[in-house]
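The structures considered in this document are given below.
Presented sequentially are two complexes of chain A, the first with chain B as partner and the second with chain C.
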Partner chain A sequence: MSVRDLSGSRRWLAFVCCCAWFLFTIFPLYWVAITSLKTPPDVVGGPTYLPFVDFQPTLKAWRELLSGTRGEFFSNFWSSSIVALSSSVFATLLGAMAAYALVRFPFRVRLLSGVAFVVVAMGGFLLGRDVMGIAPASASILAFCVALALSVFINRFPLPGKVMGNDDIVFWFVSQRLFPPIVVAFALFLLYTEMGKLGFKMTDTYLGLTLAYVAFSLPIVVWLMRDFISALPLEVEEAAMVDNVPHWRIFFGIVLPMCRPGLIATFVITLAFTWNEFLFALFLTNSEWQTLPVLIAGQNSQRGDEWWAISAAALVAIIPMVVVAALLGRLMKSGLLSGAVK
Partner chain B sequence: MANITLSGVTKSYGSVEVIPPMDLEIEEGEFVVLVGPSGCGKSTTLRMIAGLETQSGGKMTIGKRDVTTLRPGLRNCAMVFQSYALYPHMSVRDNIGYGMKVRGVPKAEAAKAIDDAARILNLTEYLDRKPGALSGGQRQRVAIGRAIVRDPDVFLFDEPLSNLDAKLRVEMRVEIKQLHRRLKTTMVYVTHDQVEAMTMADRVVVLRAGVVEQAADPITLYERPANLFVAGFIGAPSMNMLEGRLEQVGDELFFRGPAGADFAIPADRVDVLRPHAGEACVMGIRPEHTHDRGGSGASVEIEVLDIEPLGPHTLLIGQAGDAKFTGQVAAGTRAEPGERRQIHFDLDKLHFFRASDGRAIR
Partner chain C sequence: MTRDDPVKYFFLWPAFLVVLAMAIFPLIFSLANSFMSLRLVPPMPARFVGLDNYADLLQNPRFWQTVKTTSIIAFTAVAIQFIIGFALALALAKRVRGADFFRTSFLMPMLVAPVAVALMARQILNPSMGPLNQVASFLGFPNLPYLTDANWALGSLIAVEIWQWTPFVILLLLAGLQGLPDDVYEAAELEGASPWQQFWSITFPMMLPISAAVIFIRIVESFKIIDTVFVMTGGGPGIATETLTLFAYQEGFKKFNLGYTSALSFLFLAVVLILSLVYLALLKPYLEKYK
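== the complex of A and B ==
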């Protein structure tokens, strides 16, 4: 049964319920919007709901925000935009490549080589730091590289134990989003400060924040793109292979355009994550590359209850995502594959 | 243009061998059709020639080149897929020209090749459309156009007409044959449709379970099938088979089968069949070589199960003993299911096969 089949009073009841739900979800946005138009006395003097009726709207908060008299708003807006956009583009592209490889090529990872990686990485780090007295950052990077090379190398040999396939690799990717991000954020902060001591400034830099976002977005991208790519017809790629089209051109010239709706959907989801991300930004940035969510969250403690200013800033943080969703939503339409096969 | 040689080519998936060692020689400029029931390995064989499947053993050459381990792009084959496999985001022009663009063919030359291919295939007015805006037949023509401009040594077709409706299939069949006549390039064509195989091929290769049962021109396959499988697979409706026994009585040889099929073998066949006197054998007769107008003694009584009026003639589908038997009778013949009819054979068109291994007795 669908809502369309309802008739008479039940139809009206459904309509009223929908309206109630709509009001419930839209109200916070409405509240932020009118609050940004209020004067300080209107905000603190008890609730008022209707502009021009309850209170006289003013653009004072907006004027202050946009004229930059209230601090670093523009700088934060730009760092948010740059980091969010570039990390989403990188993550989507990189994740699409990984997903393509995971769909089209069978991988065999031996459990034992994975264990070897963990043991060598952890043991090497402890050995380097505690016994050989290397700086923690150098020790961990060194141990990591050695462990990676070693595990890739020994994976070529017929080791005993379980052999894992592509589905296991995808699960491993997704599993990185199962634990609380604070675990990673804290470890990442330590790693970045250690690297800073070596001379690579990573905290509060574009590179540091973007790398963290790319790494943390990849699991979702791989997971989403894998479904989109596995839905593509293999024959189209085979036709290109017979036509002597190099593999990288098949990927960029044929596979990516064919899964464009999926790419855009994934990009928007990733962008929403990186634009709204708070925890990493809080840990890894402080002034130069601080993003909007951190700024807005900090307003209350920095300046007190200036809700009109906070509301205006919050709206500015919402608007770009609404615009992106409106622009790209139309490109997410399916049906792009029609005519490829059958 | 090139010939293709498969020597001892095998294909296994794990421990399952789908193609036991296969030897096949395809002449330069020949139109060879691989035909067989589904799962017989015909598509696998084609894909091994294209290089899309790696072969598990044996050697393959195209022309003078050993291509056994060569990747698909370097074999200079062009392939047309059952599902067309067009690039959906490109116009027809770009679909046909994409390979040339990648290979760095000069623009003017590529444009000329595209126009020529489009003219041959009647696609000129559709060049700027996307595949999604084309009909099935037009899409398949685009796929063929993409193959033509490759100027390949070998054309490979993997059931290209299976997705088209019956009328279009007949038209495209003729077009592909004309294309072969015009280009004179070696073509390997896979189909499960024996009518397609018979009408198009210079030579038909009948496969079963990865084994070449017979490779010959269509008329030879039809008139002199090498074994029971080929006899039953080629021809529609398929050949009637009656199990029986050859018996020698004096100088004459008799076939003793079910449902009254008991007759003397014509004198010109006796010498060949005599060594098998006393053995179990299978007699084959095609429906188009039967009739119900009386005449000589060789006949079988069938119980009519169904009647198929086809226009030029009518088929009586019936049961003769344990075996299905289809008789071809004059158009307008009326019969009711359950009726008994006497069906006569044309004695010159009989086939005999050894019951033990199914091989034809000649």
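== the complex of A and C ==
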């Protein structure tokens, strides 16, 4: 027992506080769980607390939900699962690759070429749409490509102004989390609508939602994976380089397997984020690829006080993540995440 | 050994391009629109109006009301989250009885979809069918209109935020506490410092940088709140609990006033940036003092 452990009455006080918080944490979850087992009269007749004592539990709400008699729910469940799983996989993979590049190689970006990108992209878009009268979607794509090509090109020249290194690039990634997502969600909705007019359907598609989720998970993935990768020993990679193993094989064959615990932790965090995400799904989907959170949010206005049915639907969204919580607890216990918060 | 292989671009560019195209470009697009008068319903051609949208918004009392509401929710909730979270993280770090069990179960709320949390809260706070009012009347308190009175609705939203996000504070602070060196505490013990003194002169100062980071992340994230408000109160009663994101959603999705909404989201961004800069400036002397 170390000197930092509690002793005597303090130990008991801490225990009592933890129990109180545990009750506060668990009660709402317990409440939806038992509500989903109640019959309508049990719900409407005032609160009851204990199954078999206060009320007779029934699986009616669950049967109705699973048989689909009260509206489609499987399609939302599948679109949620597919989008959350695949965008987490892509985000973790792309983020790990970017983090590897940022840990092992030097990058130099001139501030001026970044400024050039913003100015050319915005000016080009306005010029194309409002002066030359091109369709907004084409104007956007054109402005984006021209601005990108130009800024990459001028980055080669010794321009005046600040030169940014790897830390600045990481900061650039992470700073995306600072922006209120509504700014981007709304703009993406408009851009997707314009793309739709050109014939590329983006709203309410797998691609549209997944791309948005990948982009919004990447900052946190790059940030976490950078710590995991920089903690890896260099020697193995150096030995492989001496043998002239190509870099992509070093990455996929050595680096990724070595930081597997970090990859799992990052994947789980990303998964929780994408599974629960509401705002982007609200803006970018409407029927086919609508995810569970949007469906559940709509239950309230559609169903009024049918709490037994609403509880069952909410539990479908909660249970997968409770399983994930148990997994994350295991990971934390092995001290995995302590390296990530330095 | 050469570490400057062109292959590095192959690793960085996919992520870079996705973020640039899906996050930065929409931002630029939005900024361009915010200087325009642009409507979808009824359709109206784009017209350059300069800073008019911004001026309109700054004079709109509803905008200031939502800034106030969002700030109240964010600051109150984060302050309480931090105090409770720190206490619980300390208890867990000091290996309270059943620490392993508590550590796993405390994390759960963080992973529950905010929308589902809001539905749970609506059930519990329901005036006639919810358990909270029943317990309140049992103890002799009056039945309270948790979601239909402006102040109680705000309080309920804050309580829900606390329920959901204290786990995040616990998670990060616990990781920080476990990283503190043992020898300092051993020395303090030899000197006869009381646990209270040890906390204020060792634990708290050493935890200051990570505490600052946790509070920062939580405040920035709390400012984005929409899901719980959307489901629990819908911004009501009236506009008493309308947050910035919800306001932007109403303007953009209900009125389709594109230029105005874009300007609104940029002002929102400005609010967050100003807050962050003030926060960092206020904190800097303390962080340097304990470095």
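One rule holds in what follows: the second predicted complex is superposed on the first by the 312 of 342 C-alpha atoms of A that agree within 3 Å, B and C clash if a C-alpha of one lies under 4 Å from a C-alpha of the other, contacts with A are read in each partner's own complex, and residues count from 1 in each chain.
The definition used in the following text is that contacts are C-beta pairs under 8 Å (C-beta built on N, C-alpha and C of every residue); 3 or more make two chains touch, one makes a residue touch a chain.
All values derive from a computational prediction rather than experimental measurement.
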Checklist entry - Once the shared chain is lined up, is A:Leu50 touching chain B (first), chain C (second), both, or neither of them? => result neither
Next on the checklist: Is A:Ile296 touching anything from chain B or chain C once the two structures are fitted on A? First, second, both or neither.
Outcome noted: second
Checklist entry - What is the contact status of A:Pro257 with respect to chain B (first) and chain C (second): first, second, both, or neither? => result first
Checklist entry - Touching A:Glu238 in the superposition: chain B (first), chain C (second), both, neither? => result both
Item to check | Greater chain A contact set [chain C / chain B] | outcome: C
Next on the checklist: If we overlay the two complexes on their shared chain A, which of chain B and chain C does A:Arg249 touch? Say first, second, both or neither.
Outcome noted: first
Checklist entry - Just chain B (first), just chain C (second), both, or neither: which does A:Val131 touch? => result neither
Checklist entry - Which chain A residues lie in the overlap of the chain B contact set and the chain C contact set? => result 238, 241, 246, 335, 337-338, 340-342
Checklist outcome for this item: Within the complex, chain A is touched by chain C residues 1, 3-5, 7-12, 14-16, 18-23, 25-33, 46, 48, 84, 87-88, 90-98, 100, 102-124, 126, 128-131, 134, 163, 167, 171-172, 174-176, 178-179, 182, 185-186, 189, 195, 210, 213, 220, 223-224, 226-227, 230-231, 244-245, 248-249, 252-253, 258, 261-262, 265-266, 268-269, 272-273, 276
Item to check | Residues of chain A that touch chain B when the two form their complex | outcome: 233, 235-236, 238-246, 249, 253-254, 257-258, 260, 335-342
Item to check | Complex contacts: residues of chain B adjacent to chain A | outcome: 50-52, 71-75, 77-79, 81, 83-89, 98-99, 102-103, 130-134, 136, 139, 143, 146, 150, 156, 163
Next on the checklist: Quick check on the complex: what are the chain A residues that touch chain C?
Outcome noted: 2-6, 10-11, 14-15, 17-18, 21-22, 24-29, 31-32, 35, 43-44, 46-47, 49, 94-95, 97-98, 100-102, 104-107, 118, 121-122, 125-126, 129-130, 140, 144, 148, 169, 173, 176-184, 186-191, 211-212, 214-216, 218-219, 222, 238, 241, 246-248, 251, 272, 275-276, 278-279, 282-283, 292-294, 296-297, 299-300, 305, 307, 310-311, 314-315, 317-318, 321-322, 324-326, 328-330, 332-333, 335, 337-338, 340-342
